[in-house]
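Both of the next two complexes hold chain A, though its partner changes from chain B to chain C.
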Partner chain A sequence: MSEQVGSRLDPWVDSYAQRAQGLTASAIRALFAVASRPEVVSLAGGMPYVQALDTEIFADIAARVIREQGTTALQYGSGQGDVVLREQILDIAAEVGVKSHADDVIITVGSQMGLDLVTKVFCDPGDTVLVESPSYVGALGVFRSFQCNVVHVEMDDQGLNPDALKHALATHRNVKMIYTIPSFHNPAGLTQSQQRRDEILAIAQENGVLVLEDDPYSLLGFEGEIPQAIRARDDHGVIYLGSFSKIIASGLRVGYVIAPHGAREKIVLAAESATLCPSNFSQLTISRYLAEQPWREQIKTFREIYQDRRDSLLESMQALMPAGTTWTIPSGGFYSWVTLPAGLDATNMLPRAISELVAYVPGTGFYADGQGAQSLRLSYCYPDPERIREGVRRLASVIEKEIDLIATFGVSSPNPTAPTTFNPFTNLG
Partner chain B sequence: MSEQVGSRLDPWVDSYAQRAQGLTASAIRALFAVASRPEVVSLAGGMPYVQALDTEIFADIAARVIREQGTTALQYGSGQGDVVLREQILDIAAEVGVKSHADDVIITVGSQMGLDLVTKVFCDPGDTVLVESPSYVGALGVFRSFQCNVVHVEMDDQGLNPDALKHALATHRNVKMIYTIPSFHNPAGLTQSQQRRDEILAIAQENGVLVLEDDPYSLLGFEGEIPQAIRARDDHGVIYLGSFSKIIASGLRVGYVIAPHGAREKIVLAAESATLCPSNFSQLTISRYLAEQPWREQIKTFREIYQDRRDSLLESMQALMPAGTTWTIPSGGFYSWVTLPAGLDATNMLPRAISELVAYVPGTGFYADGQGAQSLRLSYCYPDPERIREGVRRLASVIEKEIDLIATFGVSSPNPTAPTTFNPFTNLG
Partner chain C sequence: MHILVLSGGLSHERDVSLRSGRRLANSLREVLPDSVISESDVTAETLQVISMDKPDCVIPVIHGAVGEDGSLRNVLESLGIPFVGSSAQAARLAFDKGVANSLVPQENVPRFVVLPQSFFRELGANSVIDAVVSDLTFPLVVKPLTGGSALGVTFCLTRDDIPSAMVAAFGYDDHVMIQQAVTGTELAITVVERGDEAAALPPVEIVPVRGMYDYHARYTAGHTEFFTPARLTASDTQHVTDFAVSVHKVLGLRDISRTDLILDAEGNIWFIEVNVAPGMTETSLVPMAISAAGLSVGQVFGELALAATRR
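Presenting the complex of A and B:
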């Protein structure tokens, strides 16, 4: 490339699409590279504890998939995904009350791809997406990459607040979607009651706005009934995103969209444009696992492991966190949302936490608008209970020192560049 | 969803993004569903002949990947892809003269995802992409889905014509990329000489325009040296797309982008937004295959199979095609581009061909602007030589009848709705 064009560092600096302005690396990315050292207790990543899987079972299944269905497993497949697996997905969706048809299921490369496709199909630049406050960082990245106007809607202890939702719908134009994680919310750790779900759906219906329901955690609840999806009450008004990443194995990269029938074709066409087709190798491995193995038992094992870790997190926070620190009490899933005492800034505090060998994700990552400085997300899914206690001990000590610092020198310095994009599931064991 | 909004068939009909207008199903899709019946000789699909792979080897590798690296294989991984596989990709890229660094390699879900990411990062709506005439249907779909202005540039017997390229650059504004498949072109079956590649690169450099080089077939040549990539001469001005789909196995869905260093980060961020990360399961399987197996021997086996089939196609066309039918002579890859006698329309003729039990892809699919009605693509990659001969026999007979019809009743009826989007690799055995 001749050097007349662009800068020496990047000759294409003037050539990027406008939407690429939303694709900027986070200042905290570099910190996380440090945080992946084994001596750091990471309460940051959202990696499922795949060590609980019996690898011998998967090794055997993968081998038989290739021996017995090799010319399918190693070949291109359908853009919409394997039809047998789409039928099996209906059984899993039935657990959360969703009744659908395999025609309306689209298999994706993780549910992240579902987010990307739905946004691509529905959202023009400037269109508004209503999201929870806070919301999933990976979704915010997608919305930003398609130049959406992201508006955060307040939550209460049941998640998305109906009055705040009504207000947001009344005060914003071109609202294309309400993006919600009703069960065991990432990062807030909250769950909508059935009544709350019905209220939210009614509001969406009254306003003719699509609900995009992201539901990777609903089978990972610790108590009571499995929460029923919003999609269970409305096939036409809700796009449902599901995933095998948390209930089987994230490394296979298999998720799914259950779409209103009319939107289904456009999403399939967008999927073909994005990747031609999902991997038959991964799909057939999952399909055979579902057909042959007691997958509900495996999910039960995961639930028990995560509940044990959740208990460890909550007990140690209760015992160790300085006064003024508050947190949500998750009844399932992977996360608790912690709010620091007034004056503390979780982004500023992160380098000190990492030097004390504990990592978390600062709250600003879960907002599109710079909110969240006083909060952070803790994940209890990956480290064992003893490590979690040790991590909380370290974090509590960092917070205490931070409180002392502020008492001595006044408020914490202003938030540096807010984190923008990062992979929430990278190797942050 | 309440029925006040939208139509009864699709309540969201007014809600789609503008770009979704480019996502429309092809009129020929329904025909291809019929064409996948086993009695039809399909010269339409681009499925590699994976039957030539030793499934026992892949079964064993997949099982050991999970046994020995299970907690990696089943877990989320890096958004950019496995670093060991990225190093191995450098060896494959070296075969076509590309020298790079693993930092600049991004692993994608097939090279289709590379096309999608590069277009997303570089192209605003209305930006121009110059493409060959004809061009790869899957790329045209991506460009259309990002609302690009696609301009076809004439080819000659070496592919992209330099004078035509200069003319296109002189007469179009906002040209963001020159998209080219220099080796064993899909669908044209043509290959640029080294001199031609140098000319094209020089023109791109003079105009400060990025080259997007799509190179899935270059190791599948039948004669002489492996053609050297355009990227081999310019690390900064060329984005290179590679794939394991044709040289190992398409069902694993592993491709790669080798990007200029400056653009690399944005492409990684776009990849994370699209799918979080590629499948570790697939990546580690490919990586171990490359490390343990004589992959160059496997590629040689593929080359010999495809050469045999190419010979069968060319010999039978030579023997059977009616006067006035012409075709390109591919020296590698999967395809020959056939031009019908004057007055014939390949789209109109397709239903008759399928009823005579032979399928092909009509030429209009490879144009964004309605050209190509007189042409069609034949694939020789999948059916065996005897089936290919039978397919050509049937097709020649259909063409002859078509010529007779036209001689009797005048020109063929005008082209119906031009095909727009379809998956070029679906099950069209």
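Presenting the complex of A and C:
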């Protein structure tokens, strides 16, 4: 036999950075390819219901942006973002009590980029980031990519638990940030009370730790007052991430960061390194929309649609879910967090669910440490109420079959195909 | 010539199938610039599209059910549409691992049992597992009866590993196969009918960098090392390629197949499975074998498409 050299199909396989080691193919991620098919009721992706937008309005605005501001729209722009839009963002931020100055606003390509930039600016490899338990999968991906030590902190029915937060701060070194989604949490569907926000802020201040507040859903509440942002109480200790993705259009990819002066300077420079500048065309389109259209009315329309769908989900689950299944009751946003009967593993159950034409996101995706096997996230934002009912009917049947399977074998299964990283939003089309 | 490449569908391997279909269609366009190469997902409109467009030939690249279980091929046969690949009947035999394992020479088949989920419920899972493992030697492999890409497959080192492996496998199929695991050189051998003869292409040897050749190792470039042709003696190469051709013939397969087997240290061949719609992605085995034979994917499938139209 000769000394034959094999091929690993990638000449750079030994050259990748440590942070890229987890970026591998995943069977679970591949299963989401099926979720995009119309036969499947997808309760997986958090896709805004953009069908509720009047696309003719956007067609008209886009045409006028090009016709009247074409040389600006098609040119590079400011790394910090369009100043007019930054002024307009202050009006939206004021809805959640955030008072700021346009100089402290940085426009980003979705708030996901804001997450990336803030982490890049603050975190060295090995630094600790405290996150809720569970937490947003996209944030976990960012923290992992910067090689942060991600520590989950328990939640209760009011969100992040203050005692657990104190304990985490006392037991972990190099804590750089507390990452929190205080309103209509993704994936848990929970909302922090005002008192809870004050407690969390006080703990952060006592410990000199930055709060990174991710707030894409706060204008999408179904009842009561708009929750006030944590940043409303502290301009210096909180960096605020906002987004137009859930309240106008996710496809335009416009989000924003509101940061204290010193951090803002660094974030702008980091943003310029990453993208030079956000899309002028998208910014001008959003800006005109905000200037010309009754955007608060549009958000009200979204709220009504999502509330109707939330109700459909909760009623269906109440009627159909097998005993032992529990779920959170969101008062806004897109998600409910479902806990399965003991012994069931949502990741292992997913292939069966896909076979039965219903999709969800397994809970393990919302943890950096392998927790969440017994949980899953359901999104009610995209399918209409009738489809949601059908999806829950299918899911309830899948759960019942899984209960039967587990009872037959007396165990839950291992997780041979567990993803190291996956983003359920990527493959949903 | 109008060739329609069908991929996707609703199986668990949809993502792999879509990638296979795109790659195959692009390869065909390179070698057949004057032909129309169209691509389609398998949807409720597919048969209507086929009836209206009347392609000269269909190439089904659908992995898993519908594509490999014979049903789509059955309908194409009913419509009189030529297609590349095995007949519906042969595909059905190959798709069911229990049937395929029963049809190839038994001295080449690791001992196995196939059982439905209901059987465990009726007779008691522990009793059934005890009975099954009493006749097998660990390690064992537990896998869904159908489907590919190693989805739902678990290696079991002890009796305690079996129940959870069952739960994982039953997520993909309502029957499981419990089979004696075999160690040795893992090989994939593509058989192609060019002209009148079925001939094997150079075997591909698969060496996962870490652990088993699971989904992650299959579709992440860099996580598996491939040797094409496999590092075999001439006689072993002859031995395994003859075996793959015999599998192709015994099961009545047509045009192209990929037989997966293990050659153990004593030179024994152990059949694992045979695929009638093998993957054609960037990390798939058939394109490697085709390339090692000095051919191109477009060239091979272009010839097979032309042959299909003449059947």
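In this section, the second predicted complex is superposed on the first by the 409 of 429 C-alpha atoms of A that agree within 3 Å, B and C clash if a C-alpha of one lies under 4 Å from a C-alpha of the other, contacts with A are read in each partner's own complex, and residues count from 1 in each chain.
Note that contacts are C-beta pairs under 8 Å (C-beta built on N, C-alpha and C of every residue); 3 or more make two chains touch, one makes a residue touch a chain.
Please read all numbers here as calculations on a predicted model, not as lab measurements.
Colleague: For A:73, select first, second, both or neither according to whether it touches chain B, chain C, the two together, or no partner.
Modeller: first
Colleague: Counting only touches as set out at the top, which of chain B and chain C does A:404 meet: first, second, both, neither?
Modeller: After superposition on chain A, A:404 lies in contact with chain C alone.
Colleague: Figure out whether A:352 sits in contact with chain B (first) or chain C (second), or with both, or with neither.
Modeller: second
Colleague: Based on the superposed arrangement, let me know which partner A:293 touches: chain B (first), chain C (second), both, or neither?
Modeller: So A:293 meets neither chain B nor chain C here.
Colleague: Once chain A of both complexes is superposed, is A:331 in touch with chain B (first), chain C (second), both, or neither?
Modeller: neither
Colleague: Kindly classify A:63 by the partners it touches after superposition: chain B alone (first), chain C alone (second), both, or neither?
Modeller: Only chain B; A:63 stays clear of chain C.
Colleague: Please indicate which partner A:237 is in contact with in the superposed arrangement: first for chain B, second for chain C, both, or neither.
Modeller: Once the two structures are laid over each other on A, A:237 reaches chain B alone.
Colleague: Determine, under the contact definition given at the top, whether A:34 touches first (chain B), second (chain C), both, or neither.
Modeller: Second partner only.
Colleague: State whether chain B or chain C is in contact with more residues of chain A in the superposed arrangement.
Modeller: More residues of chain A are touched by B.
Colleague: Taking the stated contact definition, name every residue in chain A that is touched by chain B in one complex and by chain C in the other, in rising order.
Modeller: In chain A, residues 1-2, 4, 6, 9-10, 12-13, 24-25, 427 are touched by chain B and also by chain C.
Colleague: Can you list the residues on chain C that touch chain A in the complex?
Modeller: The contact residues of chain C facing chain A are 10-16, 18, 43, 117, 120-121, 125-126, 149, 151-154, 163-168, 170-172, 205, 207, 209, 214-216, 218-228, 231-233, 282-283, 288.
Colleague: Looking at the complex, which residues from chain B come into contact with chain A?
Modeller: Chain B residues touching chain A: 1-2, 4-6, 9-13, 15-20, 23-25, 47-48, 50-51, 53, 55-56, 58-60, 62-67, 70-79, 109-110, 112-113, 116, 120-124, 127, 138, 141-142, 145-146, 176, 205-206, 208, 210, 234, 236-237, 245, 249-253, 260-263, 265-266, 269-270, 272-282, 285, 421, 423, 425-427.
Colleague: Taking the complex as given, what residues does chain A use to touch chain C?
Modeller: Going through chain A, the ones touching chain C are 1-2, 4, 6-10, 12-13, 24-27, 29-31, 33-34, 37, 39-40, 345, 348-352, 354-355, 357, 404-406, 408-414, 416-417, 427.
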